[in-house]
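First comes the structure, then the notes that go with it.
So that you can tell them apart, the chains are marked A, B, C and D in the order they are listed, and the count of residues begins at 1 in each.
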Amino acid sequence: MIRVQTEDFDIGTEVKKLTEGRTDIGAVVTFSGLVRNTDDGALASMELEHYPGMTEKELARIEAEANERWPLQASLVIHRVGKLAPGDNIVLVVTASAHRQAAFESASFLMDYLKTRAPFWKNEDKGGETNWVDARESDGEAAAKWEV
Amino acid sequence: MIRVQTEDFDIGTEVKKLTEGRTDIGAVVTFSGLVRNTDDGALASMELEHYPGMTEKELARIEAEANERWPLQASLVIHRVGKLAPGDNIVLVVTASAHRQAAFESASFLMDYLKTRAPFWKNEDKGGETNWVDARESDGEAAAKWEV
Amino acid sequence: MKLLYFAWVKQKAGVAEEDVTLPGEVRDVSGVISWLKTRGEGYELAFADLSVIRCAVNQEHGDFSTPIAGASEIAFFPPVTGG
Amino acid sequence: MKLLYFAWVKQKAGVAEEDVTLPGEVRDVSGVISWLKTRGEGYELAFADLSVIRCAVNQEHGDFSTPIAGASEIAFFPPVTGG
């Protein structure tokens, strides 16, 4: 399941929706990404821009790829857009499987792919002065390790 | 933080307690383990036995080890004991860090070590007939990969 | 043909979205970029360093050699930074 | 000396916890096990296959060669299965 939204999410509620009434899930991994203040502590807010239409398609592709690679009972990706403050949630990935290795690996894979393929861009606002965040080289390397 | 308890936990609540009011956390990973029904679908309930005193010490040792190996902003391990039904939560591990790799790796490490070192034992009840669950060889191998 | 621009590519080009009729000889994404750069300073600025330009054709990641035949939407943007 | 037993070790031994006075010549965990096996059929059954016996001395994981000098608590149990 894929959602792009401005509203916040609650991890516990989302996990419960995926697992409730099921007895075939042994392991649930969640990853949540938060707006971290910049090293100078000057971040006022952050604007998440995205490419409507392509975003949803790309997230769905990435999720389908995870479900092909690992035996997942359920998966979920939520990404927020719009204006966010330091400490706010940005992204949530949830994977559920019978065993923990599949849940851990697929959640990590989803995040690595999302970081390099999902069309979102962060614009930092340090009190008037805005700055587009640069992509990190380490994100490209993290995604590359999943290519077979 | 370490807790051994009979009560259930809520993932969202626990994560909020760790992250609230902070702006230095960029990544939170949670692992939750649930009671999965046996392949024959016959599991009525499961009893979690533990070694009071040693359990808390061992969980604290494992958590301290994770905090030595990775730069964590926060960590939490909750393990339930007593009688549980299929679908119930058993264990929760939460790790929070500036970046996602540390959060993913430390959560995975905590689970691998917990699985092989924390003194808990599962007793399955299939409607009168009870059975102590055997340790899985793959858990030993998973823990061994972290030794340097 | 619909062209879309995001993040600083949009800011430098000075446009978010436009409908254009491409010359017949433009066959791939790199041809689109060459043509755009003849259209004004904003585009020249936006496409000055192609090492930080990414593109999508019909909402799928492409590269500069991706053919545009049959495409209805091409987007240009910097490397993504979500998550 | 307090001895503790868990899971099926406890069920086979027929005891969860006991206070014992060990003979002076018992120096390590393996000595404790040998002595226990002389105390009855339950212990013999519990310690029949030592490959599936784990132990802790003073609430820290040990092995059969761990010395027991100064220890106040020794526990025997199968490989753990929590999580």
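Throughout what follows, contacts are C-beta pairs under 8 Å (C-beta built on N, C-alpha and C of every residue); 3 or more make two chains touch, one makes a residue touch a chain.
None of the values given here were measured: they were computed from a predicted structure.
Shared contact partners of chain B and chain D do not exist in this assembly. The minimum number of touch steps separating chain C from chain D is 3.
Averaging Cα coordinates per chain places chain A and chain B 23 Å apart.
Separating the CA-averaged centres of chain A and chain C is a span of 26 Å.
Centroids of chain B and chain C (each the mean of its C-alpha atoms) stand 48 Å apart.
Residues of chain A found to touch two or more other chains are 33, 111.
For chain D, the set of residues touching two or more other chains is empty. Interchain contacts link the chains end to end along an open line, per the touch definition above. Contact between chains, using the touch rule, shows up for A-B, A-C, B-D.
For chain B in complex with chain A, the touching residues are 10-13, 15, 19, 21-37, 43, 86-87, 98, 100-101, 103-104, 107-108, 111, 142.
Of all residues in chain B, only 33, 48-51, 53-54, 57-58, 79, 90-91, 111, 114-123, 132-135 touch chain D in the complex they form. Interface of chain C with chain A (complex): residues 4, 6-8, 56, 59-61, 75, 77-83.
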